[in-house]
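Presented sequentially are two complexes of subunit A, the first with subunit B as partner and the second with subunit C.
Entry: the complex of A and B
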């Protein structure tokens, strides 16, 4: 369950392998192998098992209207992101423009997913690292009220997902053209009181996490995120990077390339050959001028200056985004009027469609080729964690030298903490991450 | 004896006052992932129990509940959880564990969302002081949990047996 140190000898002379059984509080199955020679870090290999690859094949031959339900199953934590990227890509092929109240509802359900996902990571997965507990359960014994706040915040996100998606996990109402059912105004208003409580709790959460003690660690990142002319990005925008890159989503594959590495069955994605960062930290850095004043004031009060360069500050960025998602959902609920129809009529046509939306962990790219019968002939999915893989490895390379003088167990725990900054969503059902570190005896 | 059927859309029934109160203290929660072969067993058992005794007890099919299990158990006195288990025993083996007495073995229960499985969620509820008085966990030993696989015959064979045992347990609770 938790990372437990276990040392074993390896046959090779002058080397030893540190094997850490299970790294806790990451989503997915994988392993990390670190090789240290002559006191220097040689290889850092993050091995992960990644289901989207299987789903790309699984989707071929399926009808377009099955896609939202199928891709929702890729991840129990970010199903809305998968649904949104999928429906936007398919709507591009069919020439559909989902706007007005339907578009607002898509933003609201995305807010629900960010709140759910971020609240869990902040309170249960990463906070124990800063408060000195081995797990969220151990933390709950001493800080039951904090955990209660975290779970209630998460529940506010669940409530949005349940109302708009039909259920809190693997929502079923999102479809190409809109939704299968849209809520009445009074149903959305029913969420209001709890969202108002959650907004206050989110402000407290930002203050709480900003007060943690952070290691001095500021790697030079290339941040990548969507950018929209007016909005903090969810469903739409251009892809921008700290390097000055500013491209339409359609150009993604011209600038970003996936390549295989021998030690992982997830592809590594690079921007012009170099690793980059996606997710809350990248979004806040590239889009802070799209945050509402009220949210910016809370961020300014933390005393942290932008851009945030320390990956450990990801927990602050995540908390800021919880607050943003609550502000945004309240704003959209207040102006909501039921649309005349829950979805737009669809005329099937053949073609290729591309979309990118902001999943809780960063940009999620989908491309589909559909034939004249509406059957998927090709699917490509690039999830955020595969994009962050290279960046995690780089961070570990930079961070490891400062912990090599520690015991094997402590060094391994430090690696776990670095990995957890990214909230990696490695897979969606079976979960363990083994860590092997080989270094000079 | 069964209660009368509920009205459409949960409208208050005319005979509401004379109706026997629904036993809100017993809650059945089926866990798992419906798309991963035998991992669906908890959901399928819960679905069957809804048909059998859903008019008398709360039944929830909680796909990939993870930490939400803490919230789902709140307010109930007796909770029956059904989940896939993997301990190395023959597929279809039925485990019955008392979750309220102490920690149940984490490794035999597959983890769900955010690496928090049934055993972890029970420990979290215990740590927070909100664990219901009685929590019985039924674990069904799985054969395969790969995406897109159907239920194995070993697990399919014992499904009704699990349903029957939980019906009996519920009757014993209500006696």
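Entry: the complex of A and C
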């Protein structure tokens, strides 16, 4: 039970170790170890000691219709993302095209998850760093109305997920072909008033976070996100990168590869050997021309220019996406008419299917091989946090020189703030990990 | 059962995570309307997912999420127990071993090879076990995830010095109260509702699908009063009435709470028939 900012000095001369025993306000368990020798940063290891969770192995031998219930359990914060990537991949095998109102409903439930997940991070996990508190709950003592607004925004996202999915953590209705139940129009309309309040609150939130004091820090990023011809991406699109890469989702494994490092239970993913960034900042940078004008105006009013290159501005991108998700869900609710059936009929056939969707923290890749009985024979899952891990380590390397004159404890706290910019979901990344805590002296 | 000191101004709360998805801790944060009041009633001394403040024990109340899957964690839970007056497990992983217990019927070394290119870096136990196999647990809250209303009730009961109680009847009763049409009778779905404990509000049948047992078996399956649910009768009906082949019957019981004893026994009975 090592605490935040616990540091230790090494016995060896001129060598100093900055360590964070347990990174606070992230989902899952991780630690950081930095070695500095003769004033220069030697090693930066983001250690994920969350135990390995073997989901890809659990999926083998299970029936395809159990997959949404199983993969949801990879992450309590973003279960819909796992369900969406899974059902899209399996629908590809069965030749199903989910369109119209069913597709809209999938976007709406995804909006709910973005709102819930982003609001949690903005208000309860990251804002305390900028305002100088240990937690959102502690922040509420001085900023009750702000925290209350954040919790109500989060609740609005949860309300969408609960209506469409039965509950917000591990929703139950998502299935291959559609949903087990779809709402009546009047049920969705019942959300409208709260979503309208939330939209105004989201505009306020963008203004609020844009006014924070940010360190000058602009590393050179490669952003990666989905891109769709007309939409801000959720479930569909090609994979594009700031490098000019533009590939179909099927080509992911030819360009991106996962590799293992000895100190972490999460695999690292690289694009042609180099780290890259996924998530809200990457999405806004690559897809801002797909945002509605109303959202773009709010972004323009902040005075920030695109592309956003400071990772600390992730909180702005996340707030912009809360606003977008509210605009989008309101738009889709207004045009909703109940589909004739909650799901399409399924004909099982053998094959391999691939899908990639935009989880709150970035692209989430799934590949499944299914046999003629509908049984999963092979599964591969690449979560966003294992993609960002290399990028986080590089940012820490770049950021560390400016805090080396501080005490170990202060330097460790500064590193934790950098890590939190990415909203890492460590539970997700451990298909996933256990770290060897080498505390060599 | 030991009591939290209700007279104490702010009893100390610790929230501890083991192998899990964070969903049950999130259920605590999802108490949006009551979270700030909870923060006043309790001293949230250790809750790394939500706070940088990580104060050492002793704790009046520990909420424990997740199963035990590593040697280190088997030691850590003993240390948590030593520092804690009332220990409550939250969720399927902590209470029955959860979905991670699927490894208990498999070869973990081969799992490592499926997931990791260099399996020798990975340290993990061959089993995923509930907290109660390692230390004494004062109260178990079932669910994957737990129901946040039940969580709030358990916390407030404990703060008031009252023995917490949650319903131990089956999901069928919640379904009837909600006025649902039975999905097993009407649609022929292999619903686990008759053997699964209530608490979720019969979410799955209300959403037009079969219950998949995420609140665990009804009372008696692990300990306490009552009898184990009649899983055998239900499993036989899945097979002879609903025409499920043995491996499908097995999969029904070997899921989110597959390592809870009555579900475990039932799946192993069908394992012999596949």
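Observations, loosely collected:
Convention: the second predicted complex is superposed on the first by the 401 of 441 C-alpha atoms of A that agree within 3 Å, B and C clash if a C-alpha of one lies under 4 Å from a C-alpha of the other, contacts with A are read in each partner's own complex, and residues count from 1 in each chain.
Methods note: contacts are C-beta pairs under 8 Å (C-beta built on N, C-alpha and C of every residue); 3 or more make two chains touch, one makes a residue touch a chain.
Please read all numbers here as calculations on a predicted model, not as lab measurements.
Superposition of the two structures on subunit A shows subunit C clashing with subunit B. The larger set of touched subunit A residues comes from C, when the choice is between subunit B and subunit C. Contact with subunit C, but none with subunit B, is seen for A:267 once the two complexes are overlaid on the shared chain. In the superposition on chain A, A:180 makes contact with subunit C only, while subunit B stays out of contact range. Of the two partner chains, subunit C is the only one touched by A:166; subunit B is not.
Of the two partner chains, neither subunit B nor subunit C is touched by A:197. In the superposed model, A:217 lies in contact with neither subunit B nor subunit C. After overlaying the two complexes on the shared chain, residue contacts for A:121 are found with subunit B alone; subunit C is out of touch. For the superposition on chain A, the stretches of subunit C under consideration are 26-34, 116-124 or 242-250; the one running into subunit B is 26-34. Residues 1, 24-27, 51, 54, 58, 73, 76-77, 120, 124-125, 136-138, 140, 144, 147-148, 151, 154-155, 158, 167-170, 431 of subunit A lie in contact with subunit B in one complex and with subunit C in the other. Taken together, the subunit A residues at the contact with subunit C in this complex read 1-5, 22-29, 50-54, 56-58, 60, 62-63, 66, 69-70, 73-77, 79, 120, 124-125, 128, 134-138, 140, 144, 147-148, 151-152, 154-155, 158, 165-170, 172-173, 175, 179-181, 259-260, 262, 265, 267, 342, 416, 427, 431-434, 436.
Those residues of subunit B lying in contact with subunit A across their complex are 33-36, 39, 62-68, 70-71, 106-107, 110-116, 120, 123-124, 127-129, 145, 147-148. Within the complex formed with subunit A, the subunit C residues making contact are 17-27, 29-30, 32-33, 35-36, 39, 44, 46-54, 56, 69-70, 73, 76, 79, 98-100, 102-103, 106, 108, 110-112, 114-118, 121-124, 144-145, 200, 203-204, 206-209, 212, 214, 248, 251, 255-256. Residues 1, 24-27, 51, 54-55, 58, 73, 76-77, 120-121, 124-125, 136-138, 140-141, 144, 147-148, 151, 154-155, 158, 167-170, 428-431 of subunit A touch subunit B in their complex.
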